[in-house]
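Following this line, the structures themselves.
Both complexes below contain subunit A, partnered by subunit B and then by subunit C.
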Partner chain A sequence: MNWTEALKAIFTLTLLTSTVRVSISIVLAGMGEMLTERSGVLNIGVEGTMLVGALAGALGSYFSGSPWIGLLAAGLSGMLIGLLFSFIAISLRSNQSITGLAIYLLCVGLTGYLLQIIFEHGGNSPMVDTLPTLHMKFLENVPVLGPIFNDQSIITIPVLLLPVLFYIIFYRTPWGSWLRAAGENPKALAVVGKNPVRIRYVATLCGSFLAGIGGAYLSISQTSLFSENMVAGRGFIALSAVIFGGVQPFGVFLACIFFGFMDALQKTLQTVIPDTLIPRELFMSLPYVLTLLVLAGFIKKSGGPADIGNPYLKESR
Partner chain B sequence: MAYILELHDICKHFGNVLANDHVSLKVEKGTVHSIVGENGAGKTTLMNILYGLYKQTSGEIFIDGTKVDIESPSDAIELGIGMIHQHFKLIPAMTVAENVMLGEEPTLGKVFLDLKKINERTLELSDKYGLAVNPKSMVEEISVGIRQRVEILKALYRNANILILDEPTALLTPQESEDLFRIIERLRKDGKTILFISHKLKEIMQISNNITVLRDGKVVDTVKKEDTDEVHLARLMVGRDVFLKPAPKPKKIGEAILRVEHVTAVNEYHHPVLNDVTFDVRSGEVLGVAGVDGNGQTELVKALIGLQPLSGGKIFIYDQEITHLSVKKMRSAGIGVIPEDRLQEGLVEDFSVQENLFLGLQRSQPFSNGTNINWGAVRSNAEELVKVYDIRTPNIEHKARLLSGGNQQKIIVAREIFHAPDTIIASQPTRGLDIAATDFVHEQLIKQRDAGKGVLLFSLSLDEIMLLSTRIAVIYKGAIVAVVNKDDVTPEDLGLMMLGGSYEHIPA
Partner chain C sequence: MHRIRKFFLKQQPVFITIIAVLLAFVIVGLILAATGRNPFNAVYFFVRGAFGNMFNTTDTISRVIPLTIAGIAFLVGAQSSVFNVGIEGQLLLGAMASAVVGYIVKLPAYIHLPLMLLAGALAGGLYALIPAWLKTKRKVNEILSTIMLNYPATYFTHFLVLKVIPIEGVVPATPFIEETARLPILIEGTQLHAGVFVMIMVVIFAYYLLYKTSLGYEMRAVGYNKTAARFHGIPVEKRMNFAFFLSGMMAGLAGAVEVAGVHYRFLDQFSPGYGFDSITVALVGLLNPFGVVISATLFGALKTGILEMSVYSGIPRQLTTLINGIVVLCVAAKDMLGGWYARIFRGKDTYEAQKEISQ
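Presenting the complex of A and B:
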């Protein structure tokens, strides 16, 4: 096989279709984490929150027979994890990174354990009902867009609109101003009579809700079962995307899509190029390498909130 | 006379510290009421109580004759109280207008921000009081003086009738302070009541109607401006007579200790910030650097302690070139510094007083034998400095964060002077200090001078420069435009030179 043929085999419409498909969970988690970080809270436990969401989604769908119930269960259980994190990191003012790490480890153990006791075996859950896909008649004859967006999961289009929603919330609503203020300088917010703690709670809970949904997308849309550790680093990729995207809606969104693209590319390459030529790990590691470059200041200033990671205490000075 | 604000027997405890001790105060509407007192006297605490940031342990507050309960800043705002804090509470990454409106933004249909109105209203308000701010500038890009106006606008926007200004002039240049006083006068004429805190008694006498003196958390007296003067106020504050007196003549001026030769530097945008700077500091003298803020002083200090990359020139201590040495090596070569931004660069807020008092000396005798810290020596050093410098702290294990602003500064001054290198670079060494502490620091600097060390003094206050300097270097647009003997110039001459005026008629 020569190079032109190989390139043709790699860069097909299918690659874009699968980019969209694999990006959705990263976008959900990334948008959620961006919301959380804007308020000044760094939750590195997203991966765990997604895992719990994935399990809750599968369980909800399995026991109720409705994937929609599963989706709701995933969001709510994500929020519950977010609440636990918030209580420890915001109210008790523990170190946010360590709390996030602990939450992640807890979720890994918890999901494995629950899987074991509910279905009496580890590994996988039984098959569950999945979310419907959406077929839009008018897209059928549209080139490129048609094949990419038709027959994707029903939540795809709304998820792709999230950056617009967040842009409006952040920069066009009062609450968005307060949110950004809480992340930049919570005292400045407190002296104008707003409670930074409440805003940080709301942001973290909503962010965790989205991460939970992102996890469920994996178990009740992209596949139709829960398997142990199925999030497989997507939460950490989302964390990277938030930094890479400068904690801004469109930046983070594009970063998530970019990382999704890398994932899809890597999967395609496996089928086209023998593993010996370019190891797939090289592609898998790309998001992390890029993030390191951002952090090392090679690409640009990250533009994140100034007070991220610092607990807020009222009577301090 | 109607009192807009009355405080009755306010007490505030922080653990064992009694920061306010039965403070009672009556403030007349439409006046400037100043509050003065030593560092740690409890001024900021009292204002924070009034603004709902702290809750008083006991005591009552009356506004317009009605008893009120202030639980939070939003209660205070509701009652028409606005506060401009000692440390600004602004969001650098937002615009001026966004900062002004924060928390009470005008909206479209209750959901969306009315961006147009946000800018318009800020501009209106700014014009009404002659504040001249640009609503669309980012706060991170504007000067300290303008930032303060943004804080004032924030309060005005919330319809504050009582404005608290906690040491508003500490960070301002003399010119900016004058502007601020004009603004305050305008606000007062408009019927606002101003609570004003400052250590500069000259200012207090210039703008106050009434003055309350606090000492150790208690009210010593409340006096009318007409019935007092600076000397009287200082005596009330400190309990004895203090004057800031000119330094005695230097005893013996020796060879140059610190030499700066043709130093140039550019900032991150490649604009020159230091332009062929040449001067020396001799043993036994104080060289004062006079200049309007922002003419390269900050960069020069940084260059001398190894924090500013140079594009040319050399720096020597005696005959040793130290131009490109690390901060640590420069320090051990004999440079000590009292930095301008003390909270950022001089103090670890979460360390105790005693730890801060030997910061940077962890490897020096007698605090360490090279590997282990000798805590006994650290403790006795701290005990002594706390006593000598009158640092008001319950004990030396207390966190630096919890001290009053002025007492935090004393820690750094004490440490750097104690460290007693060959050259002391003192940048705004008395900013935020009360009159007694200022006098004390002046004495210490002179003592170092007379011990044969070189003192390089940066101060925005011409008064301070004139009081302490042996020679004066004038800095303008990154260049030293003149070095003159103190006795050969008047403050007026200096003022002219600082603005770029000619200096030919002055013998060097």
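Presenting the complex of A and C:
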């Protein structure tokens, strides 16, 4: 195979289709984490929240027979994990990084444990019903956009509109300005009579809801079962995307799509390039290595909120 | 009465941590009960598995070795405000490097063994320089970067044993290391190996470095307050880079000791999550080198105990990670316990009690 042929086999419309497909979970988690970070809370446990969401999604779909129940269960259980995190990191003012790490470990253990307890065998859950796909008639004859967006999961289009929603919330609503104030200068916010703790709670819970949904997308849409550790670092990649995107709705969205593209590219390269030429393991490392390279090259000093990671102490007002 | 109160107040961090760990185990017990498993039954099999007979006890001790060394790895980082969550990856690379030196190089034992341990430590230390550079030069959160670097390390070692190094037998592994590169077994017929002495040296080294040298003092100053340290003329970035390197070296050494003392080769997926356990071990050990030995003993027992438990009482082995998470969560939340604790032992005369302590 010569170079032009190889490139033709790699850069196809299918690559873009699969970019959209694998980006959705990262976009959901990234948008959620952006919301949380805007309020001044750094939740490193997103990966764990996604895992719990993925398991809850599969369980909900398995036991109720409806993937929609699974999706709801995933969001709610993500919120529950977010509540636990918020209680310890916001109310008890523990170190946010260590708490996030603990949440991650807890969720890895909890999902593995529950999977084994419920299905009596480890590794995978049985197959479950998945979310329907959306076929739009009018897109059929549109080149490029048609094949990319048709027959994607039904939540794809709403998820792709999330950055617009967050842009409006952040910059066009009063709550958005309170949210940003909670992340920049919570004491100033308290002075005008708003409670930074409550805003941080709401932001973290909503962010965790989205992360849970992002996890469920993996188990009840991208695939049709839960397997142990199936999130495989996507939560951490979403965290990087939030930094890369400067904690701004469109920046984070593009960063998530970029990482999704890298993942899709990596999967395509694995199938196109023979293992003997370049080993698979190299491509599998690619998303993580690239994410770090991007972080090293593009990190902005003033990208995020000023007060991120610091607990809010009422007494020090 | 005053003396007792004073003692409990002075040792507050220790007792709070013990209470937090106990609380964590109560929560684990409740989770077991809620999922239809008998927690008391679990405790029985756990104790039997960890200390039931000579073999199990020495097995526990042989797990305390990597846990302690890896715990020290996290500790030397955390003391300088470097949270190295990449110990798992550094440990794997260290184990691989030492296994390669162990089976390729042919030398007398007194030089071969130190050389292979050094190779492991260096591999881990060099790998940790990547997040060090990212942190001190590019301001990348080290928890994020170190956790991500675990994946390439896993894939790389997997690739080496699968496709580069000739495979013997069914499991992906490197060939066995030379006799000269092995840590001798201390008690015939058990797993207890001379890595115990390596562990003791590492603990004493960490204590001496951190508390008896000016370099260690500066590292701890950086961990305590970076701004103050900078004003004091301490090269903060240099100390953090060194902390990363040292942390990675310890992690690599932990892997090398596992190869030299237990497996005698690099076995794919040999580490049962020692990297992540090390965080729990170090935090529960109050980031104190001797405290780490105590908490490593607890978690070493947990590791062997849970093996037996999962065989006999049908409790999944994933419980270990769950316990880790709950313990770290409880230890992270111990400030809340601190409030209650102080109230109990201080009584109403807080001011008096504080004066007593300061005297």
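Basically, the second predicted complex is superposed on the first by the 288 of 317 C-alpha atoms of A that agree within 3 Å, B and C clash if a C-alpha of one lies under 4 Å from a C-alpha of the other, contacts with A are read in each partner's own complex, and residues count from 1 in each chain.
The rule we apply is simple: a contact is a pair of C-beta atoms (placed from the backbone, for glycine too) under 8 Å apart; a residue touches a chain by one contact, two chains touch by 3 or more.
Note that the coordinates shown come from a computational prediction; the quantities given were computed from them, not determined experimentally.
*Asks:* Touch check for A:108: first (subunit B), second (subunit C), both, or neither?
*Replies:* So A:108 only meets subunit C here.
*Asks:* Given the superposition on chain A, which partner contacts more residues in subunit A: subunit B or subunit C?
*Replies:* C
*Asks:* What is the contact status of A:264 with respect to subunit B (first) and subunit C (second): first, second, both, or neither?
*Replies:* Neither partner.
*Asks:* Determine, under the contact definition given at the top, whether A:216 touches first (subunit B), second (subunit C), both, or neither.
*Replies:* Neither: A:216 stays clear of subunit B and subunit C.
*Asks:* Pick one for A:92: touches subunit B only (first), subunit C only (second), both, or neither.
*Replies:* A:92: touches subunit C, not subunit B.
*Asks:* Going by the contact rule set out at the top, does A:292 touch subunit B (first), subunit C (second), both, or neither?
*Replies:* Touch status of A:292: second partner only.
*Asks:* Once the two structures are superposed, pull the subunit A residues common to the subunit B and subunit C interfaces.
*Replies:* Touching subunit B in the first complex and subunit C in the second, no residue of subunit A appears in both lists.
*Asks:* In the complex of these two chains, what residues of subunit B are touching subunit A?
*Replies:* 51, 53-54, 72-74, 77, 83, 85, 89-94, 98-99, 102-105, 107, 111-113, 115, 154, 158, 401-402
*Asks:* So in the complex, which bits of subunit A are touching subunit B?
*Replies:* Residues 168, 171-174, 176-178, 180-181, 184-185, 187-194, 305-306, 315-317.
*Asks:* Hey, which residues of subunit A end up touching subunit C in the complex?
*Replies:* Residues 44, 84, 88, 92-95, 97-110, 112-117, 122, 228, 233, 236-237, 239-240, 243, 279, 281-282, 284-285, 288-289, 291-292, 295-297, 299, 301.
*Asks:* Per the contact definition, I'd like the list of subunit C residues that touch subunit A in the complex.
*Replies:* On the subunit C side, the touching residues are 31, 35-37, 83, 85, 130, 133-134, 138-141, 143-145, 147-149, 151-152, 155-156, 158-159, 163, 276, 279-280, 283, 316, 318-326, 328-329, 332-333, 335-336.
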